[in-house]
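Got a structure for you, written out below as structure tokens; questions coming shortly.
Chains here go by letter, A, B, C and D, matching the order in which they are written, and residues are numbered from 1 within each.
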Amino acid sequence: MGIEFEDDELRVLVEFFHAQHNPAINEFLGFTMDSPDLDNASLKFEMRDELIGNYIYRTLHGGVISAILDITGGHVVFLKQFKRARGQPIEKIMKKATRIGTIDIRIDYLLPGTGNNFSTSGYVLRIGNKVAVTRMELHNDRQELIAVGTGSYTVG
Amino acid sequence: MGIEFEDDELRVLVEFFHAQHNPAINEFLGFTMDSPDLDNASLKFEMRDELIGNYIYRTLHGGVISAILDITGGHVVFLKQFKRARGQPIEKIMKKATRIGTIDIRIDYLLPGTGNNFSTSGYVLRIGNKVAVTRMELHNDRQELIAVGTGSYTVG
Amino acid sequence: MGIEFEDDELRVLVEFFHAQHNPAINEFLGFTMDSPDLDNASLKFEMRDELIGNYIYRTLHGGVISAILDITGGHVVFLKQFKRARGQPIEKIMKKATRIGTIDIRIDYLLPGTGNNFSTSGYVLRIGNKVAVTRMELHNDRQELIAVGTGSYTVG
Amino acid sequence: MGIEFEDDELRVLVEFFHAQHNPAINEFLGFTMDSPDLDNASLKFEMRDELIGNYIYRTLHGGVISAILDITGGHVVFLKQFKRARGQPIEKIMKKATRIGTIDIRIDYLLPGTGNNFSTSGYVLRIGNKVAVTRMELHNDRQELIAVGTGSYTVG
């Protein structure tokens, strides 16, 4: 049962983590999660008219890019925290998850966000008792690096 | 005619500047602009269910905050550029406006975004031939400082 | 005695706070502090050959600018923390002071750092139980804004 | 002669690029450069008393860290620009080199900077006609990641 029970627990926690947040915005962004490996987070989403910033060039809106990279960073902090807390009572892990919040974030817009499909990746540079620091990246379906981010997050 | 013609010209340009961008996202965010004084930009918006990040605390979504502060920064760069270019042919000013783009942005989330009404303010720290740098702030209706930002923008 | 005793206590604490740090670097930078008002920090320093980055233009080295703005931010966090903790045992305040550390910092270089005398100012945007956020500015003796910074700091 | 002449040219240019800057600060920091591969920059330096920020823990001063990461970023922008401009007259490449300047930088301090030897690495995320964006990292001799940075630089 080992790994599978852990996966169930993780699934419950991931759902709990994201259920705190507004489904309207997640639906607007329209992302799905890759099966997580606890050290990396990846979100995938498709281009839709609603996500366009510039109609002439059909590029992603900057606000969409910063939102999705912020969510990716928070998500990988949650996964890393779960990895460290595994075995502790689920209520305790849940409580820790509610304490994850963005302190600050930097986004660098490298290329216009053209493409049909996009994926983010995020990893934790450091996680301490108070603060976690992450790096995030956004690629399109031609493997072009559209944007990168760095974020600091509170951890419980 | 002086100031009024200039205002008309400015109104056309502001509409042109924002018409480049996706009305769906501007409508989603639901902001209106204060009458600009060319040195300061201010956007106003109301809390709506769609903008909530955390349902329990009814706080603004971080992605909404970063998007609206980025738009505020781009908007004040446009106003400053217009102020400098005033008197030049409108086509030339329009062309310059299309070249404004975010290079990078930092957002600091200071307080949970509670409130019924929000307003942003933005001003230009420096504008050169290639790059402009801005600072932005977001307050709620209790005059609490919810978030601040700093952005670098390309200028044409 | 009121205010004067507090000033003595503050003087001891400021000296303690900076004595943790390397006097060699503080001497290299050569700054002095304005008498603090607990809500604002200000450092002053003079141009010297050692601080020059570009010899042709005689401008401050970028590393000097980022170091002095980081120190200004840490200093105002210390002052604010002292203001909040005033009346508590001095050992407790000292212990808190040792926990102040930079999490991350952004520096925007706005103008070449020309001038004979420079001054920084810093203020706290928010201070919580874990994290403080500050803004800092560097002016030359012509009141030109040379650089600005934003920093996040751990607090004990 | 091909590659060797190019190396000589590069050596002249690297020396020219750094000779613009203050040798006093470079000597204070005491770094040396790895032989560059044009896509990556690496600087190496040893711990010395003068570079210490906190005497109790014998850790690098934050200002030293931000200065060395900023220099690393500017250096890799120069290398990348040289790679693109190779074959053009050396005067033209020199002129471009003088135009490289930091627009803004973010530094994340991840771990106390303990160790005897340190090395930085830097790479270019994007280089355009106006702006280059880089990421930088600082490791100690135990391969611990002490700090990371992201910088935007003007290019000629």
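FYI, contacts are C-beta pairs under 8 Å (C-beta built on N, C-alpha and C of every residue); 3 or more make two chains touch, one makes a residue touch a chain.
Just so it is clear, the model here is predicted, and its values are computed rather than measured.
Averaging Cα atoms per chain gives one point for each, and the point farthest from that of chain B is the centre of D. Across B-C and C-D, it is C-D that has more C-beta pairs touching.
Per-chain Cα centroids separate chain A from chain C by 34 Å. With centres taken as mean Cα positions, chain D sits 26 Å from chain C. Between chain B and chain C, the centres computed from C-alpha atoms are 31 Å apart.
Each of residues 103-104, 106, 108, 133, 150, 152 in chain D touches at least two other chains. Residue ranges of chain B in contact with chain C, taken from their complex: 106, 108, 110-111, 125-126, 133, 135, 145, 148, 150, 152. Residues of chain B that touch chain A in their complex: 20-22, 24-25, 28-29, 49-56, 61-64, 66-68, 70-71, 101-109. Taken together, the chain B residues at the contact with chain D in this complex read 103-104, 106, 130-131, 133, 150, 152, 154.
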